[in-house]
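In the two complexes that follow, chain A is the common piece, with chain B as its partner first and chain C second.
Up next, the complex of A and B:
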């Protein structure tokens, strides 16, 4: 039983990381709280579904299509809306992006419908790990998620562009004086955020069901993990926070009641905001 | 004499005027109000069922020689919207009858409005016992205008329990209950918990939005369960089946899974649903429940480009057609006369989901293979090699229930 909790904890930790990473990164670099982040993930799920079932694309091509579509969507949102409010207070940004999230959700309901959709698995079969049988889809999702996080860390630590992004994150004005184009860094970050959101969508879609509501659920997850890690905190902080949320949910289900599993994330969010508003590793409070 | 002629002439004119008025009224179309939610499979099914019934009635020359007209309102599954729509149908559109309410909560809220107006309410979907078992039984005079083609939840369990009954007959002994935390499931959970108290080794409730059941399945397996009774109308239907198969949980999966009713469920789950047992209204599965079932099934595909998904389209079609049969028997659309006609011992209408009789005192349907206290119209079936094979009731059996090979193999270890 314990091994089930431990192994499923790893699966959900990696997926939660991917869901929250883009949201956290965008706040860290551009101080943008993008509440449409969950809907962008949801959009990727729907694009994959439509390409596979409506246009008979192969699953691999559809996944690439889903990731590209979410990157494009967030770039459009950034250039069309977010960029104009970059210097506005957080509340304006929250209202703007929450409004955009609702528009995206309604657009999906109007065009695709509110019914549950299903995305086929990328890979079939099962494998036993320490006696716990997992679908290969779950295993591949963990591998891809962890690889994406590792690549992001390497990109931010080792590449010139990544270092420039970090410089903007740490001190925008000094970075600009040093010759870094902050606007370009924002755009690069937006594209990375879109790719991460798209990856989260295409990995979660075959494991879960796809409905217009999952956008808000993803948003709650992203928000909780980011709040717990701390806004603007390190990437490994996101990994730790995602693990805390994932294991809290599983342990709640195991020890108390499965019904309360979803409440665990909200309780964590409330407790963090009340007693540690800067999060575990954050540099500023919300 | 002149005065007498004048009086006679006046009387003649009055009579002629009344006749013209009556004839005019008779020529007016009969209005059926449809109150449902278009954007949900259940609500859309109800709307389409009513649409097909109205179409078929008009194709057969109308009702009592009058055209039948549908007045449709989308209640968006919102109780306030549903109440407004009900009042608009009753007092502005002045419909003769209302068909609606796939969701129980909306039926509970709107039923008193329709009863107050003394109009017939045809429920096509909601299965709460409140609208029938509670209200009609306790206050017949007020609520007698309600008729349904959906067995109330007291009866619905008979079809949903078949997986456990047959599983026990196949030699399985220990049961795990995994039942959604929803109002309609509460009596079912209590009923099964009591009835199988000595066989239940694990039981839990889960949220209708839950999609991960890894902990629940692992706990059921650890408790040594042979059968999982999984009940959901929420989002967990498909993920639970995939997870059960992927995690290789060596138990029989039975119960009530709405997703598994979908004819495309085999493709959706990539064949992982082999052995899954659930229940559905047989008349919308392409089964020859009555001689009208298969023609309806094919006609539905022709009209809407897909086979029926939700049970509501079949039961909504049947309830409208059964009411029309009552109107024909009564020779009028007048409410009291139609109620009397539908309650007659010899009232017998063959629909697509079964034969409908209303001798049950709470206006639940009976007849056509299902007795009083049984899940009228429902069949229990199992996914076997890509097909939905019926094992209950016996009259419609296509194959016996089996235990999936991989479950047997793992159990053997």
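Up next, the complex of A and C:
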């Protein structure tokens, strides 16, 4: 029981990191709260489902397909909609992205259907870790997720482009004066966000059942982790926050009821906003 | 009472429309379908107008307006089924629960920027949805809670009209009073509002409580009309419809929201044959309105009238 919670906690922590990372990154860089983020992840889940079951693609190919699809989708959403409202009041942006989220969700319901889908594991076999049996697919998902987060950290810390993105996050005006093209950084961030969302989708799809509703559930995760971690903090802040949320949800699901994991997330959100509005690692008040 | 003087025309209009709706019942020979349609339209108007007080006047975008109504309706339903005390007391308890539930969204989001209010309001109904689905013995799970009819449809129709009229008049008076000025200044610029000595937290909380009060009232009325409340009231789409109606009608005018709520709830009914495309259609409409006409239908009409008046005045000056 304890081992199960501990090990599944690692799996969900790494997936929650991926789910929240893109949302949090875009919020930090462009100050855009993208409520359609969860639905883009959901869309990637469905792309993988269609590729694996409908066209018999292998896992590797369908992962690439899902990531490409979600990156394309978010770039279209950014260029077509979000970019035009960057200077509008935040309520317009929230309304717009919530509307887009619903459009994506309804489009999926109308084309694929509202029912639960199972994405078959393309990697067979299982391995026991400390007596807890995990499918090899789950283990590989964790490895891929951790590798993606490590790559992102290296990109943001070590490359010129990554440093420019961090500069825009910290102080847009000063960054622009220093010769950084903020618009370009936004676009790069959007593409990274899309890739992260796509990875989250393709990795979650075989582990969880897929319904059009999971887009909203992903949003709850993304909000909670982002609020708990706070803005402008280090990337590992998101990892810590994702771990806290993942373990709190798992313990609730195990001890009380699986359906109540959102309640655990909500309590974390409320407590953070009441007692530490800037988040655990955030700089400045929000 | 300068507000009353300024608002006498809108009060008059509200009263005439309400009286017209009231007369419609006997004229239509108490047509079952028509009365049902108009009752739900009145209830939607109350929801959307209450939403507008938060979103349009205080900048608090509420993605879970029906949450208040859901808490109130479930409270009344639980009392009806388990502890049948006297009915006014049950309704009072429902109202108190609905208003108190707004503190769950209001209190944690007061200290942070308004964007966080939207996020919290987004998550809270989902949590209650899960709770109703987890404790099936208490909340009835998917089926919700049903009670036999206690009030006649006609009396509930008149009650809904009355609630709508009272809500509209109260809201108009409120937003044009000093309180309304304070709320608008918070929406425009929190820092400046704070600097001129406005107690931001108190006003935000007040707006939350008032909005929740009227939403709960309408929710209880709707519960008695349907004889049923189910977990879908905590679902995304119901509250999202409120947001869409408000935005399409026009945010920050009360009457725009009322117009959006009235027209779109009737349209919602007429789109029943193509029900599966309804949500997609509304979501696309929302995106289009936000992109091209952020002031909504009422805002468009208002600026058109203003332009016409100004051009007329210009001609007269010539």
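Rule of thumb we're sticking to: the second predicted complex is superposed on the first by the 270 of 286 C-alpha atoms of A that agree within 3 Å, B and C clash if a C-alpha of one lies under 4 Å from a C-alpha of the other, contacts with A are read in each partner's own complex, and residues count from 1 in each chain.
Just so we're on the same page, contacts are C-beta pairs under 8 Å (C-beta built on N, C-alpha and C of every residue); 3 or more make two chains touch, one makes a residue touch a chain.
Remember, it's a predicted structure, so these values are computed and weren't measured experimentally.
Visitor: Once the shared chain is lined up, is A:123 touching chain B (first), chain C (second), both, or neither of them?
Guide: neither
Visitor: Go through the superposed model and pick first if A:90 touches only chain B, second if only chain C, both, or neither.
Guide: Touch status of A:90: second partner only.
Visitor: Contact-wise, after the overlay, does A:61 reach chain B, chain C, both or neither (first, second, both, neither)?
Guide: The answer is neither, since A:61 touches no partner chain.
Visitor: Just checking: does A:103 make contact with chain B only, chain C only, both, or neither of them? Give me first, second, both or neither.
Guide: second
Visitor: Answer with first, second, both or neither: which of chain B and chain C does A:207 touch in the superposed model?
Guide: first
Visitor: In the overlaid three-chain picture, which partner chain does A:154 touch, first (chain B) or second (chain C), both, or neither?
Guide: neither
Visitor: A:219 in the overlay: touching chain B, chain C, both, or neither? Say first, second, both or neither.
Guide: second
Visitor: Could you look at A:76 and tell me whether it touches chain B, chain C, both or neither (first, second, both, neither)?
Guide: Touch partners of A:76: none, neither chain B nor chain C.
Visitor: Using the superposition on chain A described above, determine whether A:113 touches chain B (first), chain C (second), both, or neither.
Guide: first
Visitor: Which chain A residues are contacted by chain C in one complex and by chain B in the other?
Guide: Shared contact residues on chain A: 109, 217, 257, 259, 262.
Visitor: Which positions of chain B touch chain A when the two form their complex?
Guide: Touch residues, chain B against chain A: 39-41, 181, 204-207, 209-216, 218-219, 222, 235, 238-239, 242-243, 246-248, 259, 268, 270.
Visitor: Could you list, by residue number, the parts of chain A that touch chain B in their complex?
Guide: Listed in rising order, the residues of chain A that touch chain B are 1, 4-5, 8, 12, 109, 113-116, 118, 120-121, 124, 126, 132-135, 137-138, 207-209, 211, 213, 217, 250, 253-254, 257-259, 261-262.
Visitor: Please output the residues of chain A touching chain C within their complex, sorted ascending.
Guide: The contact residues of chain A facing chain C are 33, 35, 81, 84-85, 88-92, 94-96, 98-100, 102-103, 106-107, 109-110, 216-217, 219-220, 223-224, 227, 257, 259-260, 262-263, 265-266, 269-270, 273-274, 277, 285-286.
Visitor: Taking the complex as given, what residues does chain C use to touch chain A?
Guide: Interface residues on the chain C side: 55, 59, 61, 63, 104, 107-109, 111-116, 118-120, 122-124, 126-127, 130-131, 133-134, 236, 240, 243-244, 247, 251, 276-277, 279-280, 282-284, 286-287, 290-291, 294.
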